[in-house]
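Per-chain residue numbering starts at 1, and chain names A, B, C, D and E are given in the order in which the chains are listed.
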Amino acid sequence: SAADSLTMATTTSTDNTGLLDELMPEFTKDTGIDIKWTATGTGKALKLGENCDVDVLMVHAPPAEKKFVDAGFGVNRREIMYNDFVLIGPPGDPAGISGKTVAEAMMQFEKKKAVFVSRGDNSGTNKKEIGLWKAAGLEVPDRAEWYVQTGQGMLSTIRIAAERDGYTLTDRGTYIKYSADHKGNPPLKVLVEGDAVLLNQYSVIVVNPDRCKNVKADLAEKFVEWITGDRAQQQIAEFRLLGQELFHPNAK
Amino acid sequence: MSFLLEGLIKAIHLLLDMDPETYSAVWTTLQVSSGSMAASLLAGIPLGFFLGYHDFRGKRQVRIVVDTLLALPTVFVGLLVYAFLSRQGPLGSMGLLFTVPGIAIGQTILALPIVVALTATAVEGLDRQLQFTLVSLGADRLQLLTGTLWEARFAILAAALTAYGRVMTEVGISMMVGGNIKWHTRTITTAIALETGKGQFGMGIALGLILLAIAFAVNLSVSFLRKRA
Amino acid sequence: MAEASLYRIRRLVHAYEGGTALRIDELAVRRASIVGLVGPNGSGKSTLLHLLGFIHAPTDGTILFKGQPAGPFSESVRFTVTLLPQESYLLKRTVWQNVRYGLQLRGHEGGQQDRVREALQWVGLEPDRFLHRKWYALSGGEAQRVALAARLVLRPEVLLLDEPTASVDALSAQRIKEAAMRARKEWGTTLVVASHDRQWLYEVCDNVLHLYRGRIFSNGEENMLFGPWRQRGDGRFETHDSDGASFVVDPPPSPDAVAIFGTDAISVSCERPSREQPCVEATISRLLWDRSTGQVIVSFLAGSRPLSARFSAEDIAEKQLYPGRTVWIGYDPGAFRWVE
Amino acid sequence: MAEASLYRIRRLVHAYEGGTALRIDELAVRRASIVGLVGPNGSGKSTLLHLLGFIHAPTDGTILFKGQPAGPFSESVRFTVTLLPQESYLLKRTVWQNVRYGLQLRGHEGGQQDRVREALQWVGLEPDRFLHRKWYALSGGEAQRVALAARLVLRPEVLLLDEPTASVDALSAQRIKEAAMRARKEWGTTLVVASHDRQWLYEVCDNVLHLYRGRIFSNGEENMLFGPWRQRGDGRFETHDSDGASFVVDPPPSPDAVAIFGTDAISVSCERPSREQPCVEATISRLLWDRSTGQVIVSFLAGSRPLSARFSAEDIAEKQLYPGRTVWIGYDPGAFRWVE
Amino acid sequence: MSFLLEGLIKAIHLLLDMDPETYSAVWTTLQVSSGSMAASLLAGIPLGFFLGYHDFRGKRQVRIVVDTLLALPTVFVGLLVYAFLSRQGPLGSMGLLFTVPGIAIGQTILALPIVVALTATAVEGLDRQLQFTLVSLGADRLQLLTGTLWEARFAILAAALTAYGRVMTEVGISMMVGGNIKWHTRTITTAIALETGKGQFGMGIALGLILLAIAFAVNLSVSFLRKRA
């Protein structure tokens, strides 16, 4: 019934991997709470929270999340899991980034004017990428001819990178799906990975019930409790996409 | 290219296997589009008649505005409706956000200018002798409306089908107002967008074909209206 | 008196964007009368019928119907007055649906079939052959008659007919005439009929109104001489007729004025009149019988100018006026009335 | 011989969805002739004109134009043959643009203004008053004449006119007649004209064809008696006429057959003929002058049945046939031709 | 709600400050829509004329198909065109993917059924006397086409404006075929989608208003065609 129904806004990456399809029925089974989620860009998800249209958020953009909580829009932000980002590019690696650190790779792109495809959509991934340019001491090459901003989701962005023989930053989950779509032989390969800065942290946030009278804070709290609980964490760890482990639970 | 064929095969499978997700989206689509079509025809045809039939000051200006509204971007409409239906919006208490009626409201706004503009054009295109004929046979204002519309039925059918096409295929409003919530507000088009976003092009094509099949069935079932007489 | 007048028009003016098309100071139409309207193209006949049918509201002035003001959609006229427009329009339906349409509007469901068949017979269309034709599968005259049947079927109190016999064959024109008479007799219908077929009109009507440039001028004056007028040496004016049939008149009020005159202003003789009497040579082209008065209307061609005059049957026999004969039409240059 | 025939039609059949509308075994139209078409509504006049105008292709048979087959869009007819349809249609433009439209199609840019003005004058429309009117700001007869002007302006070799004078006033009808004659004289135009105005037609045409149920029957036989026929006690058949004007005939080929006859099949007298001679009482309603033959066409009303016959001017004078007079029409029950 | 007003103000600022991103998207939109409108009118009007004017076997079936194609989902068209223009696709070598002409091709497919269906309806609605008149005045086939279209000009204008609205507001094709690449193939609608996805609702409204302003200007500039005569 409507009283026992929770609305969540989340990012497309969690939804597209199929994690939620596996996890959420368990939540309903355990708690009797029905949950609906809408998958959108991180920015829009936060906006829906700010406008009190959802009860809980599941996103991956820590700096924006902190701002969100600090502004009083959300409470009880809890980290739940992470995965990682990788830099991918054509197997020929014209920019020569293979085996380099992330910062070095970013400078190579700049130097070689190698086509770099950015999501350019203010998503968690995009924010991470912008952070990487800055960390390498570079400006975001907004108007550079070789810097392609798609304003689209991860998969489309990878596809555009492949069409353009370019590089891009992607979360591993999407890359696994992408390579599976190409029967394990995708036109773009992982060239840089494992760097600590490439960590991709997911969190849940309850929309602030003091600001939003309609928010079902009690149900939202139950959800946070559940997903940070052992059973859910276990299931996250066991989730496999095409046989590969995707998310690492890290609720504290 | 291969995903085109794959999509065709998948479409057949989805339909034959009674895939519940697909059927849910089909059902939602049908509900939403019926609601918005009913509302936009009910409001739009009389408005269009009025606009096409009567001469009044500023008529040309009104026509330009209506024609401009043919270019209402769906996301824009989605945002507008969202602003009203959002919990903090003036109609927030009605709880229409992320619901089927919510989407239908948005689609009605989208379809209305099409119905109005094309109905007005159809009515304007009629022989003015028709008007004299109906009035002289004793029609009252309502009968004048219905009699005129029946004479223009081919053009009004075309208006309705054009609006129907617009409503069936729009994504922006369904996404923004409906939220693309599985089992609830996921329509065929938002499902296509989702699947395409996931790289499931074959699935996108399959769903697109299903949507066209529905449109075909609807067209077939109204094609009797095309008969002369 | 007021009772007998179905319509009473006062200071009626109707203008289109191009200018005034109708200006009638006073006009009354008696109940159960049949009134004819004649006049050249553009004289305002259709405009007047539209106003009498309350299709449009006039630009100015009033039309009282049964003593009450009425307008488009008035309840007092909706089911009472019906008009057959000049360019009749068939609905995109079958003949059956077209003819019964008005009955449907009246919520008159019973006996439609019989009434529709009867109406078709009245206009000379065999119901079995025509009932199920589509609107486009008709010849010009057939369509015109279907439109007329759609009015007759209503048995209206007032029937306004705009050129009911244009493009209709002779036999059907005859039938339509009878239908008009019968409507008046059976239902007391008042008819106002515009037509260019004068004989038909004279046979049907009690009273024929002549219109010109939106005005009604008196009955009986059927001839018009159009300008432009050219001044002659002697101060008089004449029409330009290349064929020698020019008329000489006293100075007209304006160069474009139109001279009108009836039978009484002319004399017809088979001999050339004396030199002093102005006259034109003309050929008799037609003799029509006006059943209502028993008179004969004689049409002449003076050059290419059609003229007409009325005579009693005895006059015709005596003067031996038959078609093809050449006659002399004498006139008095000062006897014309002028319309501007 | 072949040279003189502009059109040559053989075994022509045209059918609509409802059935055959026209069936002509043989017909030739001479160059520079003016041919009239008469016949009741639905007899196929418009259909024939459409085919002669190469607007449609016939269902079957051939129409040779100048000895060559032609069809819609043929180069040989495109700029040569032009048709004024029965329901003339004005383009949604001004009068000026309507009339010059055909000239534009011909790429005829020079002197348009003069030719358009001339054409308007021919149909009796003052160019200055009408040139800049919009298509909807015209009365019925004015619109009809604009449409005609749009054909005359082309100076075509063949001009096909479908009811050119329906809803046109008398003076303008006269003008149009002159325009038709002048077209033939000045440009050698061949005209085929359908009309219900028999006098107008007889004044203009060299030759008038009578159509009935899609067939041409011989010239001169102008009267038709429609069934259904009812058998009498004596084995003969008669028409149903409530007004007593019924005709008695020998057994018809079918109950719905139509009897046709010309002047030669009847005798007209002012006295009642002997008892044995079958006859009907009739009133003379009209006398028309047929300029081409010099004869007078007399119209009768036998009850409500219109009949007509031709007489010489002398006969008229001698028999004292004038409108309003009652006469007896005698006929031979075996002398009718039958059409099915 | 507040973002509506914010959007209005922002729209004015973007236009007055000559914001380069906005102008780039406006320019792309104009290029794409001009291209697709030109192509779809050029192909669609004669096709619609043919369909409305001629009677042929199977005409009703063709009409039903065309009307069904009014419900072509944009993402579906996007996928189709993508399949052909992708590097691996049959036309991949032309390098049209992620280009302005590529989007225009897709939008042409989208607009074509609208132009064809509404033109056919307009032509069917004309008095059949018109045809006789044009032929009898000496029109050849092309002049018959142009003469007929001119008589139906109000309805054909309505068809064009409806198609224009569709083309201006579609997102699916521009996204899929164009790639929404900033400074290159980002159109106003893909920008709206992007900004809305970012949660920049005010910006979405602002861009929507700019799009409507363009549509208004276009409508205004063709409104002289509405004059009678």
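Keep this in mind: a residue touches a chain if its C-beta (ideal position, glycine included) is under 8 Å from a C-beta of that chain, and two chains touch if they have at least 3 such contacts.
Owing to the predicted nature of the structure, the values given are computational and were not obtained by experimental measurement.
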item	value
Chains touching both chain C and chain D, listed by label	none
Shared interface partners, meaning chains that touch chain C and chain E	B, D
Whole-Å gap between the CA centroids of chain B and chain C	52
For chain A paired with chain C, centre-to-centre distance based on mean C-alpha positions, whole Å	86
Distance from chain B to chain A - Cα centre to Cα centre, in angstrom	35
Touching two or more other chains - residue numbers and ranges from chain E	86, 127, 176, 193, 196, 201
Per-residue multi-chain contacts in chain D, two or more chains	87, 136
Residues of chain A engaged with two or more neighbouring chains	40, 156
Chain pairs that touch, as defined at the top of this document	A-B, A-E, B-C, B-E, C-D, D-E
Residues of chain E touching chain A in the complex	86-87, 97-98, 175-176, 179-184, 186, 190-191, 193-194, 196-201
Touching residues (chain side chain A, partner chain E) in the complex	40-41, 43-48, 50, 120-123, 142-143, 148-152, 156, 160, 163-164
Touch list for chain B against partner chain E, complex	1, 3-4, 60, 63-65, 67-76, 78-80, 82-84, 86, 88-90, 113-114, 117-118, 121-122, 124-125, 127, 152, 154-155, 158, 161-162, 164-166, 168-169, 171-172, 176, 188-189, 192-193, 196, 201, 204-205, 208-209, 211-212, 214-216, 219-220, 223, 226
Partner chain E, residues of chain D touching it in the complex	50, 53-55, 72-73, 78-79, 81-85, 87-89, 91-94, 97, 101-102, 105-106, 134-136, 147, 150-151, 154, 160
Chain C contact footprint on chain B (complex, rising order)	127, 129-133, 135-141, 143, 147, 150-151, 228-229
